Amino acid sequence: MSKLTHFNPQGRARMVDVSAKDDTERMAVAAGEIRMAVQTLEAIKTGSLKKGDVLAVAQVAGIMAAKNTAALIPMCHPLFLTGVDIDFTIDEVNSRVIIKAAVKTTGKTGVEMEALTAVSAAALTIYDMCKAIDKGMIIGDIRLLEKKGGKGGHYIRQGEPK
Amino acid sequence: MSKLTHFNPQGRARMVDVSAKDDTERMAVAAGEIRMAVQTLEAIKTGSLKKGDVLAVAQVAGIMAAKNTAALIPMCHPLFLTGVDIDFTIDEVNSRVIIKAAVKTTGKTGVEMEALTAVSAAALTIYDMCKAIDKGMIIGDIRLLEKKGGKGGHYIRQGEPK
Amino acid sequence: MSKLTHFNPQGRARMVDVSAKDDTERMAVAAGEIRMAVQTLEAIKTGSLKKGDVLAVAQVAGIMAAKNTAALIPMCHPLFLTGVDIDFTIDEVNSRVIIKAAVKTTGKTGVEMEALTAVSAAALTIYDMCKAIDKGMIIGDIRLLEKKGGKGGHYIRQGEPK
Amino acid sequence: MSKLTHFNPQGRARMVDVSAKDDTERMAVAAGEIRMAVQTLEAIKTGSLKKGDVLAVAQVAGIMAAKNTAALIPMCHPLFLTGVDIDFTIDEVNSRVIIKAAVKTTGKTGVEMEALTAVSAAALTIYDMCKAIDKGMIIGDIRLLEKKGGKGGHYIRQGEPK
Amino acid sequence: MSKLTHFNPQGRARMVDVSAKDDTERMAVAAGEIRMAVQTLEAIKTGSLKKGDVLAVAQVAGIMAAKNTAALIPMCHPLFLTGVDIDFTIDEVNSRVIIKAAVKTTGKTGVEMEALTAVSAAALTIYDMCKAIDKGMIIGDIRLLEKKGGKGGHYIRQGEPK
Amino acid sequence: MSKLTHFNPQGRARMVDVSAKDDTERMAVAAGEIRMAVQTLEAIKTGSLKKGDVLAVAQVAGIMAAKNTAALIPMCHPLFLTGVDIDFTIDEVNSRVIIKAAVKTTGKTGVEMEALTAVSAAALTIYDMCKAIDKGMIIGDIRLLEKKGGKGGHYIRQGEPK
């Protein structure tokens, strides 16, 4: 059986010791989506062309959440991020907003959690700002797309569209 | 077109004024899932029967995140929660952990965001603690199941299994 | 001599006891400005008409800071805000952005600090986002314009333009 | 056997549901001490008579920690404190600083944890500011002295000096 | 027109990528003031000579805010500060307190925002602790005085008194 | 008289300048205890053998608090920890839980405060989760056991059992 490294000999959680790891440049890209009613997507789209931009707020929320990841995820190492970017695609065919976050650091551990957390917080913020008109939205497909740096090498998720 | 209430006359985001609303008892239930490889689920299951309990850490993360929601979601009103509970179902058929969070408060606004945030943080924590053995996990289907209290009345999501 | 109430008999700071005060509706409005080079104001203005909206980010920062006031100002009572709004005026004559924040709560203490903190954080965010092109910006004139609710009654700052 | 209420039917931690409890006025007093070398106490005492006041910093730390308790203690309910005070006694006979914290709120749960957390943070801050001259200090005897309000009634610790 | 670097190709805010920058020693000095009624300044002055020291609390608030800057200012990079100091000048001629903050780090980005934030938080804390006797205080003239380290070289604000 | 380094020439607190110090590997171990009634210890012990594990929650609280130390202790330098572990010993003879925390970093200052804070938060969490059945618990004997790295060399507390 695969062994989880997050537990100490007492069987309780610890923050894994990474002292011996090298500081290397690292990046991670994560993605996710929030599916919604057609008119909700319309309301977001109209706002982002003019003012009243839901996605601008979600962008800020995602970036701030990335910086706050170690306070949110108990066993996650604190890192000082050197770059965070988030982008949104309005997909009218499937009535959803696609969220993609890229995070960089120079450090001893990867930034997957920061990228995934940025996506999650951006999606939750979209939900919050649109829930008055649509309680049925669904946040989903939050996953790691790519990861570089460190001993683990370059991970690219299989089966994603280029 | 439906109108988003989160914007001021300048077209920028505001925290909606709820001063005139009554303090009522409110609750919300949200759910979500994290899908994973069979052996990852096995590792979680073994741990949660003995020690090394990933889900115990995810539980704490979810509860703490619920309390922290207003700091994470920009336009979300601060609330003082009167109860938070999270439960996990290990679904071996679909190789996933199902996460359900119930949140209560007495206040002027609902606790949907707190319940959805609790589910998201619990899922991210499971990802964090298992990512050494499985980078391919997918967090999804995060949605509101039920909501009670306030002028909006009782919302129950349609099409969910009883 | 006027007496400061924030000190205990030992002469050290305390959070003043407001247990006996009534919960009343309260509001406060504060204002401030950030002065800058003409071309910096131009860059902000262009962005806020199209995309790249510095003020949208400052708006989010101000609102989140208002919610976070009690964690920033040591003797400030925690409050759960029922509404926060911020608005910006681009004043080309004096080459500055004027920031105004309005905050509401129902509680035992006023929300002056929340309004002043919102203005400060919004101004600092504008500085942060424009400092690459203008290090000389000056944040100033941060003051309370109005305050309502509680035993202190209705305060309106004298000498302000209507 | 006495039963812990902080666990759900799955046996995992929850934030206990206090929705049905009344909002009542509540207070708690906690105390603790930090024992140190004679010359360390002397340095603190000299500083607190003139400037360089270690205890003034510890006071601020304790008050801010009290407000932050629900973010520090996982299952602790968030509360809006209405008053926090801390006082210090320099006990030369036993070469220690005695710390006492009193906390008040109006709410559904008690403020024991806030008082105990204030004492702990004040003690840790004294340690931090004096550790360059004394690594051997010991923080101890952190306990609840008194608690009022709520169904539990009035608790006064037995065996304490009046 | 000067170009703001804080926006991505979608025109939304990002945390600028500084991965390629070198870690260098950096420092920044910022200043500001809070103007007040003569008797308010008198109350602060009396307190800071004896006990009841408003400025001691403002000092702690400023230092803690400096450490918290990246959580307050959305696009600001997290940094591990290596030193923070704040000093106050009571200027009776102009009935104000002058606040000066110096911040140091070794890192990839400057610490201007940390210094400006420290000044702002110290000023807000003075306001908070004196507002019971003077609601008319004005916080102003918050500006960068000096900045060293990084590619930008040594910035010294012109026109300041030596 | 020994001199405290945490004060500036004005006699007020500062965050000591460590810019000139080298980044070295550092570790610290701290310990403490919480004494309680026999039946409280029994309840903890039973829970930790099955489910309902108070110590699992305390473990998470201690680790998260270690990461949060610089936000809790005013003059403490922010550090990014590379490892945190906590272990518990149930001592039935003396009816107490013994808590030990080990923290590692690579940085310019030591991690004593992080280890001591982890122990304190873990103890407070045990108190919180058991206070319904035992208000008389006492947290004590919080002390530094060992410290390595930096100019100060290797500190080992005297008089501890091996």
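Read from first to last, the chains carry the letters A, B, C, D, E and F; within each, the first residue is number 1.
One rule holds in what follows: a contact is a pair of C-beta atoms (placed from the backbone, for glycine too) under 8 Å apart; a residue touches a chain by one contact, two chains touch by 3 or more.
All figures in this text were calculated on a predicted structure; none of them were measured in a lab.
Where touching is counted per the definition, the chains common to subunit D and subunit E are C, F. At the far end from subunit E, in terms of centres built from Cα atoms, lies B.
Both copies, subunit C and subunit E, contribute mostly matching positions to the interface they share, with over half of the numbers common to the two. The interface in A-F, C-E or D-E that matches B-C, meaning over half of the contact pairs are the same by residue number, belongs to A-F. If you compare B-F with D-F, the chain pair joined by more contacting C-beta pairs is D-F. Separation between the centroids of subunit A and subunit C, computed from CA atoms only, is 31 Å. Centroids built from CA atoms put subunit B at 16 Å from subunit A.
The centroid of the Cα atoms in subunit B and the matching centroid in subunit E are 37 Å apart.
Residues of subunit B found to touch two or more other chains are 10, 12-13, 53, 56-57, 60-61, 64, 68, 74-75, 80. Taken together, the touching pairs give a contact graph of some other shape, not a line, ring, star or complete one.
Interfaces, counted as pairs of touching chains, are A-B, A-C, A-E, A-F, B-C, B-D, B-F, C-D, C-E, D-E, D-F, E-F. Across the complex, subunit A meets subunit B through its residues 1-7, 10-13, 32, 39-40, 42-43, 46-47, 50-54, 56-57, 60-61, 64-65, 68, 72-76, 112-113, 116-117, 120-121, 123-125, 127-144, 147, 155, 157. By the touch rule above, subunit D contacts subunit C in their complex via residues 25, 55-56, 59-60, 63-64, 66-68, 80-88, 104-106. Contacts from subunit D toward subunit E in the complex involve residues 53, 56-57, 60-61, 64.
Within the complex formed with subunit B, the subunit D residues making contact are 8, 10, 12-19, 21, 70-71, 74-75, 77-80, 107-108.
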